Amino acid sequence: MIAFMQNLLGPAWPVVWTLVKIIAIVAPIMGAVAYLTLAERKVIGFMQVRMGPNRVGYFGLLQPIADGLKLLMKEIIIPSAANKTLFLLGPVLAIAPALAAWAVVPFDVDMILADIDAGLLYILAMTSVAVYGVIIAGWASNSKYAFLGSLRSAAQIVSYEIAMGFALVGVLMCAGSLNLGKIVVAQAGGFWQWYWLPLFPLFIVYFISAVAETNRAPFDVAEGESEIVAGFHVEYSGMAFAVFFLAEYANMILVCMLAAIMFLGGWQPLLDVAPFNMIPGFLWLIIKVALLLFFFLWFRATFPRYRYDQIMRLGWKVFIPITLVWIIVVGGLMQTPLAYLFH
Amino acid sequence: MNAIQSDLYAALPEIIILCMAMFVLLLDLFLKSHNRSLIYIFTQLGLAAAAVVTACTHNVSVVSYAFNGMFVDDPLSDVLKLMMYLTTSVMLVYTRQYVSLRDMFRGEYFALTLFALLGMMIMVSGQHFLTLYMGLELLSLCLYALVAMDRDNPRATEAAMKYFVLGALSSGMLLYGMSMLYGVTGTLDVAEVANALLQGAPDRSVLVLGVVFLIAGLGFKLGAVPFQMWVPDVYHGAPTAVTLFIGSVTKLAAFAFMIRLLIQGLYVLAIDWQGMLAIMAVLSILIGNITAIAQTNLKRMLAYSTISHVGYLLYGFMSAGTNGYVSAMFYIMAYVLMTLGGFGIMLLLSRKGFEADNLEDLKGLNQRSPWYAFLMLIIMFSMAGVPPTLGFYAKFAVLQAALQAGFVGLVIFAVVMAAIGGFYYLRVVKLMYFDEPLDNTPIKAPIDMKVLLSLNALLLLALGMFPQRLMDICAYAITHSFQ
Amino acid sequence: MNFNDYVFYVLAAILLFAGLRVITSRNPVHAALHLVLAFFTAAGIWLLLEAEFLAIALVLVYVGAVMVLFLFVVMMLDINLDKLREGFWEALPIALPVGILMTLEMVMILGSKHFGVDRVAAPTPHPAGYSNTAELGRQLYTDYLLPFELASVVLLVAIVAAIALTLRDRKDSKFIDPAEQVKVKRADRIRMVSMPADVEIPAAAETEGKDKA
């Protein structure tokens, strides 16, 4: 089949094949995002002893589709004094990096779109670009609330990026590579070989930073409903708003995916023995990501919102020092007979 | 001793200064304001330790390279570093009272001073364009911050801003010049650049353009005309303590920087840079001396005097021979001692809420304190180049070297300008001895400052009469470091 | 021309356009955003040159962090452009000839005569397994150790200087130290008062209570 298509398309084949692969990655992500919203409402409903959506389809299974349709039908209102080009560019800049980062994520052995050497750096670069969507949206809306929200959000993202980056430095010290596939391979052999154990402080810092980085509760002051209505996307409606929504959830899945790859062994099975290693690798990855996503929802249902100065304090004065110290500890221990702990 | 150990051994003084700077920063966190003087003591101890190490690890007439040839430990660097420790230490003594009265007696002041010193030490020892540039940036960054240290003074902020903008521009030029040299020679290592040029690099016009940019960058950093605009404003706007630092120690580093770049790296192109330096030297002496006459502010006057001194320094380089470099080194040493003394007197006369930076403030100093008036007299005579002070001998040596190189007309010009320049220095003397004092506040200063200041001025006199010792040291440093 | 060349020309065109817009656009925010675009495109060109680490680092550091802070400042400032442009026409008669002269000189010397393709040998392409990042790391920590460490000192000085120049202890700050807050014990907030249990209850209330029971 593939050979036939190859003949048919000739030189255009690589482009087409890459496009097919991109669609094969993006379409499931979009589906996952849609059903993550449903899962979120259901889980939080359960935790707060409510029902959650249950009118559209069985258990509300068609709810995300109904929501999507509703947003599609709605008009995109552009505020009269807004900068039109930038206003529309904002959502695009938010979603593009969130999707582009997936290019280097390995789903299984050799199941990867672009197997580049500096994969980890690429992901960090892409996620750091995502902040422009927020800033531009806030500024172009010509609204105080939006601008304030975007400033908060951008400062928060930039701050937590540092802690996140340092946490990942620990991983690449252990794995000795920036290639995500190699990082996963380095964690082969059961869950005690995964990096969450030797890099436990970094894992915790990474995960909490990830929550802050995606502007999720309890760090969601950027859109804190109670004070600045909905933050940077307060002026957006219809599909423009939906795109921000998509970007936020896609980012959530992405950071969980990264956490799974960096600290939880990616596609590696829990134990490398009979029943476990018969399950395909990408299923393991999905299970791990789902588990981490559940934590995101759990946080949102339980924790009260942080105050803004406390968020910044946590990032700069707690997380960054912790990561720095642990990197030094790891570097030091790697020179001792204990180096086997960090392979 | 393996490679990395010998590298670290060569850079031991730098490591000491770096550690002390960071220690001072940390110490400052845990100290209450009443025992801040501990910071001062540790800074001085760090300088002393570095001096001891530099002196002890000094190998007579041996040039040793470290860090892959990026760092050099030769007699020139050791002599200049010792002079730097001494100058910085004296500067800290002079400025202690001044900064503590102006709420600047903080850990950052001392840490930044030490970091700046580190930058200068790297400039002195750099043997690679990259190292030299990093040292220069380290120094400049510290200086920008130090100038703005007195945060609520708008004049200081303005000076820092000007300094920063022009400094960044000049760094850009320097880098641009370096990149062109790299484009032609394919290396950034000073020795390899010199080698490549010796073998005859093909693109002469590119090289010359590169040298133009280098010289422009250097001119900015030195404050030579036509790149002098920032000097008076920065000297005037910065707190006097910082002005003293900028005016004295940094010139030693600039001297070393020129030696490393122009003489060790680009000696083959001497024909090209000689002419540029000559133009800069002549203009600096002319504009520095003439404009200084019109100043009423002592700091601005000294700024223009610095510009003219830079001109004389360039005379030494211009002659492009060992004699010239030795005399230039002698000149820079003399200049540093004179500047220390001049600003020392100014710091001595300043008190809380009062800056003695106008010429009027010196009026009748003889009646207030004959001893300090006498010290200032020596310093002014030395700056003017009146025999038998050190300044005279320094000017004499530089001009003699230029004469030997055949710049007869330029030397005559320099002598005439020195005579004109004498006017404004002597005006200070006149104000001190023949005018009535404006205020009669008693002069208060710590004893160590008084003693050092007296020694400093008397040294100008003593070295002026017996210059041979200092000359020998300069000759030793220059002749045993290269060629 | 192969595919890489096309990509290069497209990127170069975008880069030039973005660079021009940085200096010509009237709105400072637009200028900053075009600068972001310029950085991003430059990173693309670096990728073509097989400098993938530098390219990604450019995006990560400049686009992701530096320009964000830059945009912050630009967005918050209310810049009066007319005031900035004052004196433009007066300076033009001098600035224009000087600028043109300098450009011509630079073109003469930096043109293809000295730096053309024939003068500089094309680098040999690296084998597939070649890791730019690892190679760069090795260089930095061996041959270029000294400048690398110096760069870290420069950054430290930048931090110290920025803090020394801007940090002021505000007297009216209402900052609460979270560490102190966490340390609070029950005893600090609640005072247990021992009340005697057998208080005399008014007769009326007693009967009422009985009725309810």
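Each chain carries a letter (A, B and C) given by its place in the written order, and its residues are counted from 1.
One rule holds for everything that comes next: a contact is a pair of C-beta atoms (placed from the backbone, for glycine too) under 8 Å apart; a residue touches a chain by one contact, two chains touch by 3 or more.
Quick caveat, the model's predicted, so the values are computed rather than measured.
Q: Both subunit A and subunit C are touched by which chains?
A: none
Q: Kindly work out which chain lies most centrally, taking the average of its C-alpha atoms as its position.
A: C
Q: Could you tell me the distance, in whole angstrom, between the mean C-alpha positions of subunit A and subunit C?
A: Going by mean C-alpha positions, subunit A sits 21 Å from subunit C.
Q: Give, as an integer number of Å, the spacing between the C-alpha centres of subunit B and subunit A.
A: Each chain reduced to its C-alpha mean, subunit A and subunit B end up 54 Å apart.
Q: How far is the middle of subunit B from the middle of subunit C, if each middle is the mean of its Cα atoms, in Å?
A: 35
Q: Which of the residues in subunit B end up touching subunit C in this complex?
A: 7, 11, 18, 22, 25, 67-68, 70-71, 106, 108, 111-112, 115, 118, 122, 128, 130-131, 134-135, 137-138, 141-142, 144-145, 148-149, 151, 180, 183-184, 203, 205-206, 209
Q: Could you pull out which subunit A residues touch subunit C in their complex?
A: Per the touch definition, subunit A meets subunit C at residues 86, 116-118, 121-122, 124-125, 128-129, 131-132, 135-136, 139, 147, 151, 154-155, 158, 161, 178, 309-310, 313.
Q: So in the complex, which bits of subunit C are touching subunit B?
A: It is residues 105-106, 108-110, 114-115, 142-147, 150-151, 153-154, 156-158, 160-161, 163-165 of subunit C that touch subunit B.
Q: How about subunit C: which of its residues touch subunit A in the complex?
A: 29, 33, 36, 40, 52-53, 56-57, 59-60, 63-65, 68-69, 71-72, 75, 131-133, 175, 178
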